[in-house]
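Next come the structures, one after another.
Both complexes shown next keep subunit A, but they swap its partner, so subunit B is in the first and subunit C is in the second.
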Partner chain A sequence: MGTSSVAVPARGRRGSELWARLLASPWLLLAPAAIALAAVAAYPLIYGVRASFHAYRYGRDVGSAGLENYRAIFEDHTFWTALGTTAKYVALAVSIETLLGLGLALLVASQLRFSRFIRVSLVLPMTVAPVVVGVIWRLMYASDIGVVNPLFSALGLGKPNVLANPGSAFLGVVAVDVWEWTPLLFLIILAGLQSLPQEPIEAARVDGAGPVRVFFDHTLPLLRPVLMVAVVLRLIDAVGTFDQIFVLTKGGPGTATQLISTYSYNTAFQFTQYGRGMAMVVSLLVLVLLLTIVAIKLMRNAAARTSS
Partner chain B sequence: MSRERALAVARVAVLGVAIVVALFPFWWMLVTSLKQPVDIFRGVSLVPQHPTGDNYSRLFGDYHMGSFLVNSLIVVTVSVAVSLVLGTLAAYALARFRLRFGLNQSALVAALLVRTLPPILLVIPLYLTLTKYGLLNTRLGLIVIYGGLNTSFVIWMMQSFLEEIPKDIEEAAMVDGDSRLRALFRVVLPLAAPGIAATAIFSVITTYNDFLLALTLTSTPAAQTVPVGVSTLIGKIQIEWGPMAAAGVVGALPIMIFAIIVQRHFVRGLTFGAVK
Partner chain C sequence: MDVRYERASKSFGSTQALAPLDLTVPDGKFLAMLGPSGCGKTTALRLLAGLEQPTSGRIYIGDRDVTRLEPRHRDVAMVFQSYALYPHKSVAENIAYPLRLRRSAAAERDERVRRVAELLGIGGLLGRMPRELSGGQRQRVALARAIVRRPHAFLMDEPLSNLDAQLRLQMRVEIKRLQRELGVTTLYVTHDQIEAMTMADLIAVMRDGALQQLATPAELYERPANLFVARFCGSPPMNVLDGAVEDGSFRHPTGSIPLPGAEIRGPVKLGFRPEHAEVTDHGAPDSLAGEIYVVEPLGNETLVTVRLEDELLNIRAHAGFDRPVGERCAVRPAEGRVHLFDKDSGEALAKPGERGASSAGHAATAGI
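And then the complex of A and B:
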């Protein structure tokens, strides 16, 4: 950006001009941030991948172990169970959240009068720390002091003791995820709906199309880009879910709610098997990346087909 | 006509249920935190029968909540300030200069990638690194890590806000004799103030709420933050429901207030400016 300093009247010595020029260079503006990101993200990432090929004994790096860590987790039943549970958890939670978020957004979009109050109250669950969400639902689910047991028995459904049984514990933590994150989908979809062009939708309505037709033929296709952003963001986040599980069940009972995140955390920090813990997380990441690539390919194909 | 009426009623009913489901759990936590132990165990009651502040005084007396709050205050303030400075400078460079090799786009993508990395991926190497440098269980260690990680978010947000400010304004200032850096601080940043405020509040929310990194990198009330402090109340053999609920309330309150202030910018913050 040499031209900018030409306009500056020569002020002081040459040195200070050079200094001003240097300060205005984009590279200098970028450097501090780049160094920070390299130090806390790129370096740990590389270090972590390297650690997954190393053996740790009593928490100490005792040298390269080749693929030993990966072989070990490959033969570890608990790892596969945790991987399956993570997949089920993410798929179930995110699809419920998307449907509920879409439904609520469609309800509110046309009702601007209430939407400010409604918006704030519906959004609160996702603003507080996931740990607090965990505390809230410990208090709701607790078999002795909670609300969920009395509510179910009042409806004649017995006492579920949600977090005590494997099946209900899994559904219980999924429900907490839905409670916390439906607002995210709701908010983004609502913003998308409110910025849609109204003409095609109005035109279809005038032509006598019913609300369901209008939704599937016009609203949904127009909304798709926003919907994709919302779902992808939520998916990425959901894969790494840790905090609520840690507070609610610590992965139990048994391994009913054990996700890769909690299992690798235990492996690394309870059993000081840093290399093996890292191998689990790296495998998860590779898997997610592959899935993302496949998903993007599929979406491109679908988009090409509908536009041709 | 009556069909439309029925629809309107159904709509209000659904929204009513949604709001109750969203808000009731908060109410239950608040009520539990104000109850005496006997009343906590005496079945469901939606208001405290004999309201008491005991749980809160025990939380601060026996459970170090004061230290957790101080730690969070220091760590969050300093790290967010650092990341705002680093991130805004970089965002300005990306918004105003066309860099070689198409670096503008790849820098933004890199920032987004850092932001979306799950903490579980970074926590093991960060723990090992901090151990090596003796920064485990220090506020400084947390500040460095949060400050660095949050820079990615600031770059992304501020780039989108700065791009909306017309170039002519600072060019006029530069014609008047300001250096580019002076023009940035004197003209551009004041115009971007609402964007900076929104970015700062979002950064405060995510930094304050982080659990996994703080859980792993700190181990005593000398450095533990609020979420970690809250979780230590659960680790006990017999759960102390009253103080635990009180801890949840104290942990949630500051962030709820911030969230209500910034709710106009929520969508933008959540989607990195992709949806406005």
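And then the complex of A and C:
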């Protein structure tokens, strides 16, 4: 009697346990996301890698080309120039954004009075689509109706015609990137600053450190993991910058603002060399992947060293 | 240098962490700030360190008004309750940091770091990072970082709370000796009354942000200013009974105790310490009737709990105490060792046989 009265609910419980375990298992929960991810990310990626090993004539796949596409871009002078420009663009834009973001975050973290206003006004650029950003700045830079030329001449600096000269065009597109992405770094760094442990900093102040020493001896080292994440994220993202450049300069004048992204786009869609365009993208992907691995390694080390 | 709080108070929003505090630590003295959790001890230290601005009042180090001064200009060393080690610096770098900021010569610095580390038994840990240390080791690193330099004052916030009993005893001795040797004014926060009693020249007992009594350890033990102080200092705590004084005797339902020379009358609370009473035979004169409730032999003495009607009393008895549990007995407080407190306010009344009103709280610094 005792056994049967226990066994019946037990069986029911076992069934529901199984159901619960299935519901709680990671696989079932991950399945929809995994399928979606495969559809939108993995398939195009595989397709692109495959395309980079194929030859195309007048936009049509004419069969495998082996490593021919890679050999071609390796010997392509313009490709190397574009790679260099990309590196310069990313390095300049991301360093300015990091320094600006850090400076603003420090200001806001210490001066809590205006922080809300600054935060809101700084987030606005991030909400604008990159293409729209490009259009806005193209109008501002425009030689006839733009505001940049009058502004510079008002300051007695002549009319720069920013996008018309190779040197200033490069700085012009970097400036747009800075305008759009500094807020992201600012926000991440601000969040990092506000979650730093306060006690070590208080201890340093009592030990005799002034604001500058506190910043370089403690705030910066403690902030390093967050800073690294922010910079790596931005680096990876900046390497693929396309929209604004395409709208602003299409890579010109000459090759002054030609990044791998715009050059591969031109190669694939203007010259219908899909295979070669894809080979460029894949090469860049591998490069970014390697960079990311190194960055993550560095980050792990830094995090391990600072976590208490 | 002496350290002085002048009506310094601190409120966080609507909560008052520290009521206006008047407190002076004389130059070179060791003051223990004693009180239960949340009574404002850490707040008081942070005010002195400059990490917190007082809501009102002023703070002096020596003759200098430091109320608005940055922490780094006050030259005090602090051991934080949460250690506050620099997580990205090694133990050696942590300890050396205050010296580095003062640009002391590298060789001398290393030597001092090594000596302090040896003193605290962490000499073998100098190369480690804080996260590789146990709580007790971290605490000793925090202590080392403070005592490595010679500030105007040491502020220590429960610096031994995380050590095992033996190490705590050892560190207690080391800190006390070091403090005497260096003669640096020290504010030492603790909620361990034994630590306070054994180490300090002066004890400030705090409760709910207010100073209850400032006195030497002996004074505190002999003349607690009120019931709170009386029960907080001493382990087991003082026994307290409700009753009334009539005709020069304390009357309790279980018996009466003569109070020669008592000038007051009416309802009071009577207190006596566990070590100031004896357990005798039932029906003995001048005693309170009860029965043995628990007997705890500790080796060197025996802790006896006696039940009087519905109250329990702690009595310290000799090691050979052998009355069985449940036996009827009586408790007789030692003559002249009882304390009387106001029934409502808990303030100490004049000790029976002594003249004058409650003077315990204010005669505090007289002995120093």
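Brief remarks follow.
Going forward, the second predicted complex is superposed on the first by the 263 of 308 C-alpha atoms of A that agree within 3 Å, B and C clash if a C-alpha of one lies under 4 Å from a C-alpha of the other, contacts with A are read in each partner's own complex, and residues count from 1 in each chain.
Operating definition for what follows: a contact is a pair of C-beta atoms (placed from the backbone, for glycine too) under 8 Å apart; a residue touches a chain by one contact, two chains touch by 3 or more.
Keep in mind that this is a model prediction, so the values were computed, not measured.
Residue contacts after overlaying the shared chain place A:179 against subunit B, while subunit C stays out of touching range. Looking at the shared chain after the overlay, A:274 reaches subunit B, while subunit C stays out of its contact range. Judged by the touch definition given at the top, the superposed model places A:205 against subunit C, while subunit B stays out of reach. After overlaying the two complexes on the shared chain, residue contacts for A:66 are found with neither subunit B nor subunit C.
When the two complexes are overlaid on their common chain A, residue A:51 makes contact with subunit B while staying clear of subunit C. Of the two partner chains, subunit C is the only one that A:222 touches; subunit B does not reach it. Among subunit B and subunit C, the chain that touches a larger number of residues in subunit A is B. Touch criterion met: A:213 reaches subunit C, while subunit B stays clear of it. Shared contact residues of subunit A, touching subunit B in one structure and subunit C in the other, are absent.
Contacts from subunit B toward subunit A in the complex involve residues 11, 14-15, 18-19, 21-23, 25-26, 28-29, 32, 40-41, 43-44, 83, 85-87, 89-90, 92-94, 96-97, 99, 107, 110-111, 114, 116-129, 144-145, 147-149, 151-152, 155, 174-175, 177-181, 205, 208-209, 211-212, 215-216, 226-228, 230-231, 234, 239, 241, 244-245, 247-248, 251-252, 255-256, 258-260, 263, 266-267, 270-271, 274-276. Subunit A makes touch with subunit C in their complex at residues 197, 199-200, 202-210, 213, 217-218, 221-222, 305-308. On the side of subunit A, the complex with subunit B involves touching residues 1, 4-5, 7-9, 20, 23-24, 26-27, 29-30, 32-34, 36-37, 39-41, 43-45, 47-48, 51, 103-104, 107-108, 111, 114, 118-125, 127-132, 134-140, 142, 144-145, 147, 150, 179, 183-184, 187-188, 190-192, 195, 226, 229-230, 233, 236-237, 239-240, 242-243, 246-247, 260-261, 264-265, 268-269, 274, 277-278, 281-282, 285. Interface of subunit C with subunit A (complex): residues 49-51, 70-72, 74-78, 80, 82-88, 97-98, 101-102, 129-131, 145.
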